[in-house]
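The structure's right below; bear with me while I get my questions together.
Labels run A, B, C and D following the written order; every chain starts at residue 1.
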Amino acid sequence: MSTSQLVERPDRTTRWRLPRRQLPVLVSLALLLVMYGIGVSQYQAFSNIQVVFNVFIDNGFLLVVAVGMTFVILTGGIDLSVGSVVAMTAMVSAALLRDGLPPALVLLIALLIGPTLGFVMGCVIHFFEIQPFIVTLAGMFFARGLCTWISSSSIPITDGFWTSAAQERIRIGENFLTVGVLITVAVVAVAAYTLAYTRLGRNVYAIGGNPQSALLMGLPVGRTRIAVYTISGLCSAIGGILLSFYTLSGAPLIAVGMELDAIAAVVIGGTLLTGGAGYVLGTVLGVLVLGVIQTLITFDGTLNSWWTKIVIGGLLFAFIVLQRLLGFRKKSLSTR
Amino acid sequence: MSGWRTRLPAVTGHRLFWPVVVLVLLVAANAIYRPSFLTVEIKNGHLYGSLVDIVRLSAPLILVALGMTLVIATGGIDLSVGSVVAVSGAVACLHISRQPDQNSLGGVLVALAMAFGVSLLLGLWNGTLVAVIGIQPIIATLILMVAGRGLAQLITSGQIITINSDPYRMIGVGHVLTLPFAIVLALAVTLLVAVLTRRTALGMIVEAVGGNAEASRLAGIRARRITLLAYVVSAACAAVAGFMMTANVSSADGNAAGLWVELDAILAVVIGGTSLAGGRFYLGGTIVGALLIQTLTTSVYAMNIDPQTALLFKAMVVIAVCLVQAPAFRAKFRRRRATTGGPTAPTGEQRKEQVAA
Amino acid sequence: ANSDTGDAGGAAGDDKIVLGFSQVGAESGWRTANTTSVKEAAAEAGIELKFDDAQQKQENQIRAIRNFIQQKVDVIAFSPVVESGWDTVLKEAKDAQIPVILTDRAVDSADKTLYKTFLGSDFVKEGRLSAEWLLEETKSATGPVNIVELQGTTGSAPANDRKKGFGEAIAANPNLKIIASQSGDFTRAGGKAVMEQFLKANPKIDVLFAHNDDMGLGALEAITAAGKVPGKDIKIITIDAVKDGMQALADGKFNFIAECSPLLGPQLMDLAKKVHAGEEVPARIETEETTFTQQTAKEALPNRKY
Amino acid sequence: MSDTNPVLTMTAISKFFPGVRALDGVDLRLFPGEVHALMGENGAGKSTLIKVLTGVYGHDSGSITLGGETVSFSGPMQATEAGVSTVYQEVNLCPNLSVAENIFIGRQPRRLGAVRWRDMRRRASAVLARLNPDLDVGELLGNQSLAVQQMVAIARAVDVRARVLILDEPTSSLDTDEVKQLMRIMRQLRDEGIAIVFVTHFLDQVYEIADRITVLRNGRLVGEYPTAELPQLALVEKMIGKDLDALERLDEQAGRDLAAVETGTPVVEATGLGRSGSVEPFSLTIHRGEVVGMAGLLGSGRTEAARLFFGADRADHGRLAVDGRPVTIRGPVAAIEHDIAFCSENRRTEGLVGELSVRENIILALQAARGWLRPVPRRRQDELVRRYIDALSIRPADPEMPVRNLSGGNQQKVVLARWLITEPRLLILDEPTRGIDVGAKAEIQRLVVQLSDGGMAVLFISAELEEVLRLSHKVAVMRDRQLVTELANDDDLDADRVMRVIAGGAEQKDGTRQ
């Protein structure tokens, strides 16, 4: 009955290993540069710095939304409501401004609605253990329904604060950025910091790695889970404000399908949908990839509607397969 | 009496109890709004009535959702079904529209075969990306979701192809033995899938792969092949749904056919009790889910709910279904009831234990 | 010609005019015909076309316009997805001295100098024309006339405007009543599904007003299946006049179509040349459109292009 | 000791799962400064009792007091905050985080709210150094072996310095040295006044460290005894509720006759089989009715070598012959076709499909081999499953129970049953007795003997040398991912000699067969 087990442990330093964790992000970056290079070599105007700036200007709100989505996906969840929440925020802002509320108050209200909805969805997901897909799908219907309920046609924004925020150009030499881009950069920075340096951020990764373990390790699983949906709601709300800057209006049908773009950006950026692995920087790259694909197609200017779709699909395919082949040689650790 | 006591919790505790209750409530609400909602009559030798419409219109959704159930059971998801619907309808209608005699059965069959073949290829494509190359399903199928619709429009040149073919129309609006053919077809496919999965070992094998792919591989299951197969089946189901949808209006609209059907299908699957994480799947549940969703849509029309608020209505019902169906929600409800008397049932904790398992 | 070398606002004639055109998408047969018309007209007029498809997203369209500005095209034209929200990017175009032409749909900018002209149909008018025909038809009717309406996609400009135009005009006759109005999403399947329920809910429907032909065609099937005769038992009014719709009208299944012509191409190229040359153009140019009854449809059908 | 007040008491705890009474009126008293062993067979309710304590499960009746106050934790977070620190049975950590983070997550060192990574890594190294000196704490945990993961879990729990420390089978994957380290730390903590609950199936370890023992059987409390007053034999009898003849008999069987089996063509013959980056090429033959033991340190490559036989990983060197005929094994499917079976050491990730029932898990491999078109008839399934539930005494004996609800040891038996019903000719067992109670361990050992007597070839991997020596005809020793030697299990082979070989002693040359 005795157990004499074995002594000593061999030196394990000889084992071959790769810095796998950051690799997908690096590969994305490299492929993005290649794509940009192709654009520059094909179209002269592509080399303007302003083209790069435009990618940021035109995708800022998507980026902010995708950053929020990154939090959710890192926990292994998903948030389908983002597109509708973006539209709802823009719609509510436009409607309130039209009714003559002061811009500061409008901003406050608009920035509260998204997180509140996110919070409620998070609570439902956590306490009633309903799958995030369904809860956020209901949230998506709800927010979109609210948009058309507020107004079935678009509402222009004429408020002075909004217009100046929208049309202010921050000159950098010949080129310019918008206020929206600065806000976007700030959101990205805060998000990256949160994920890397706060307990909340690290708990997000832990839950994505293995929720049961996280629970048994005594981490605040429920609180964190609710927090990520709230954060996603907040990001969507900020995205909605940015979009209302961008379009100076609220339209009930805007940002339809944005959730798919956001999810695509997050995943292209190397984040695992099962959760637990990924970076905000990857998401930034993912959004840029989508933006550059769109820009390439516009610059080309010969594709008709269906070819546009097919080419977008084809470029996505090429990018993802290349990333896959270069990035993960071995099946990356699955944490189902 | 005692039989009642023991059977009642078994019924209310059943996975499908609450979705069915909500379904019945929806129908009841419609009936109150307009009593003739429940009327089913024979008109021109066909069954005719709102209820028949609901079942007929949910036939394509049932098909798509069946395929989706298998994909989800393997732990995946298929966003491209809507595009496959559009492509299959487009190919079939294009071929028929080029026939000198659109009513020739042979021509229609060739068209169906061609469209079915193309769809299988699309399914194979999805399956390859997921199972062989190892791309995450949502992204792998997103590619085809975007490109496939482009493909459908390419096939139709962006136009709506109108056809005038009685055999083809049959698929969408025809009748056999007073029953709409679409219902019969959906029923047949359902039976086929049910037999294929439950009378053979396929169902269990799919569940094993979805539950733990690596363990299944080590148990000698060709997990990749099964995953691939699921996507092919999903595309095949979507193809038939595509025939139905285009035959319903005798025209192929590359842009609108099957738009957002993937969301409805996923919703149906989840309402039916299949987890998006993969593993156990429930075909019966999926069908109830699909019926529920179609009833919801039809209710909006039938009760003439203002289109501006229709989405809010839909959101409310979806939330209600999910809440009432969630074991955790019911457990909370039950506990409260239990404290005010009545025996404590030691259930409801199931979910929590799964978390800890 | 290389678009990159053409400088903004440069003298006409030294090079091919480059026109950047941003289309809404390809969401309907109407839209596709519109795209084809623009492309063909551009080729014919010797204008280099930079075509972009926005996939029904305003974001994409704004992006496309920005990129046109970067590429320094000579003229920008676009069919806005929604009415509002264009000021910022149009200002950028104005600063880059690139003239802008709107097609098909209007924008609601207060600043009318942001674009040169708007070429397109008047949706409100289309709704009104439909109503006027109906008023004429039902002049002698004594009892109430029950109308059901199939709306376009909720929130879209054509749906809003056609509903508005129609609704306002029929107010002239208190007998006319819209008893049900529901969105059919501009699709045949939608039109059919909604109409099926309309038919079951309302024993007496006299008139169907559909915001486009496709929904009308879908509804047609539902009406037939319910054992009623379209065009007789239920009068059908639609908008657009695409080929299938015209056929139905000629066959006596529809009763009236208000045309909404997608063939804007030649007019657009004309305008592009004019604004590029710096000529003044009227701020609003309506598409040449007409209406069709069963009789006129029969005559027009053989030479319809779309 | 008992004159002080208990720090923790659990009184009359009952816990029902649908269809299972996991705990029925169980008491547990825990005093500061003691190591308290919680003993019982697989499925006795040990892990459940612990999970009830920390609030993972609610309990149906009974009460818990901690430090004199009645408590009822809603979850592990509350329990941790109240000073109850736990290592659960199945290693519960996050594979996607680094080792350091796994130790510190939830209580990372911070400055102004920002996690101080460098500080954390330094402290993690310090904590781990007490258990295992050479480990890069920046590595992903998922890349580490089960043993390392178990140590990380222990390090995490130990570092908290709680009032109560609970260790549910912490040593199942550890080697002797690591166990020693752990014991040292446990003593140290005990001396600091911490109360420790210790669950293990290794009786030696219990007698080495425990002050008192609580025994559970079938969810009921058998009793609480001071270790000194309960002889080992009596303990086992209390645990299994019957006497121990069966176990004794097996002990005699040590040393088996190699010559008797080594005739004819080997069932499997590996020549220069290897996989770059994982196992150096090695040769090994296994005959009909032969049990080949594999010994070696943790991480020496036993598992990886075994996986090559089964095609779980594909070999890139060498050849494999079955019955003398060369075969290519591309994957498990091919291996199974050649009647090879493989019981993975990692039952949770590589063995079971948690959601499926016991029945489905058991017939999975058989069904896979038949193909999906030919389902195993339901009657035959029931019969097979019933037979093996009985043979391996899987508890609860309900074939329709989802396998994830079974206790750890019973899950292991399910995996074993899966392979036994395929009637393989070569059965590869990787740590089949890990986490299994004494009784069941003896059952499994007897089963191995029985199967090999019946002609089955067995490749037996275990961290317990006694077990290997008792069962095998010959022992293959691995070191540093090389097969260094094969030792015939004759009379002069003993644990000491094997250990010398493993340690790289002189034996290597002259000890080689032939």
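Observations on the model:
By our rule, a contact is a pair of C-beta atoms (placed from the backbone, for glycine too) under 8 Å apart; a residue touches a chain by one contact, two chains touch by 3 or more.
Worth saying up front: this structure is predicted, and the values here are computed from it rather than measured.
Comparing the chain pairs A-C and B-C, the larger number of C-beta pairs in contact belongs to A-C.
Placing every chain at the mean of its C-alpha atoms, the farthest one from chain D is found to be C. Put simply, the C-alpha centre of chain B and that of chain C have 34 angstrom between them.
Annotation: 72 Å between the Cα-based centres of chain C and chain D. In terms of their C-alpha centroids, the spacing between chain B and chain D amounts to 43 Å. Multi-chain contact residues, meaning those touching two or more other chains, occur in chain D at positions 56.
Looking at chain B, residues 153, 158, 212, 214, 307-308, 310, 356-357 sit in touch with two or more other chains.
Within chain C, the positions touching two or more other chains are listed as 25-26, 32, 35, 154.
Contact between chains, using the touch rule, shows up for A-B, A-C, A-D, B-C, B-D. Listed in rising order, the residues of chain B touching chain D in the complex are 199-202, 204-205, 207-208, 211-212, 214-222, 279-280, 346-347, 349-350, 352-354, 356-357.
Only residues 124, 127-131, 133-135, 137-139, 141-142, 144-146, 148-149, 152, 211-212, 215-216, 260, 263-264, 267-268, 272-273, 304-314, 316-317, 320-321, 324-325, 328, 331, 334, 336 of chain A touch chain B when the two sit together in their complex. Contact residues on chain B toward chain C in their complex (touch as defined above): 34, 36-37, 43-44, 48-50, 53, 57, 153, 157-160, 162, 173, 245, 248-251, 253, 255-257, 297-298, 300-302, 304, 307-308, 310. Residues 56, 75-77, 79-81, 86, 88, 92-97, 101, 105-106, 108, 110, 113-115, 132, 134, 139-140, 142-143, 156, 174-179, 202-205, 232, 247, 251, 277, 295-300, 438, 463-466, 479-480, 495, 499, 502-503 of chain D are the ones that touch chain A when the two sit in their complex. Listing the residues of chain D that touch chain B in their complex gives 16-18, 51, 56-58, 60, 310, 312, 331-333, 335-336, 342, 344, 349-356, 360, 364-365, 367-376, 404-405, 418.
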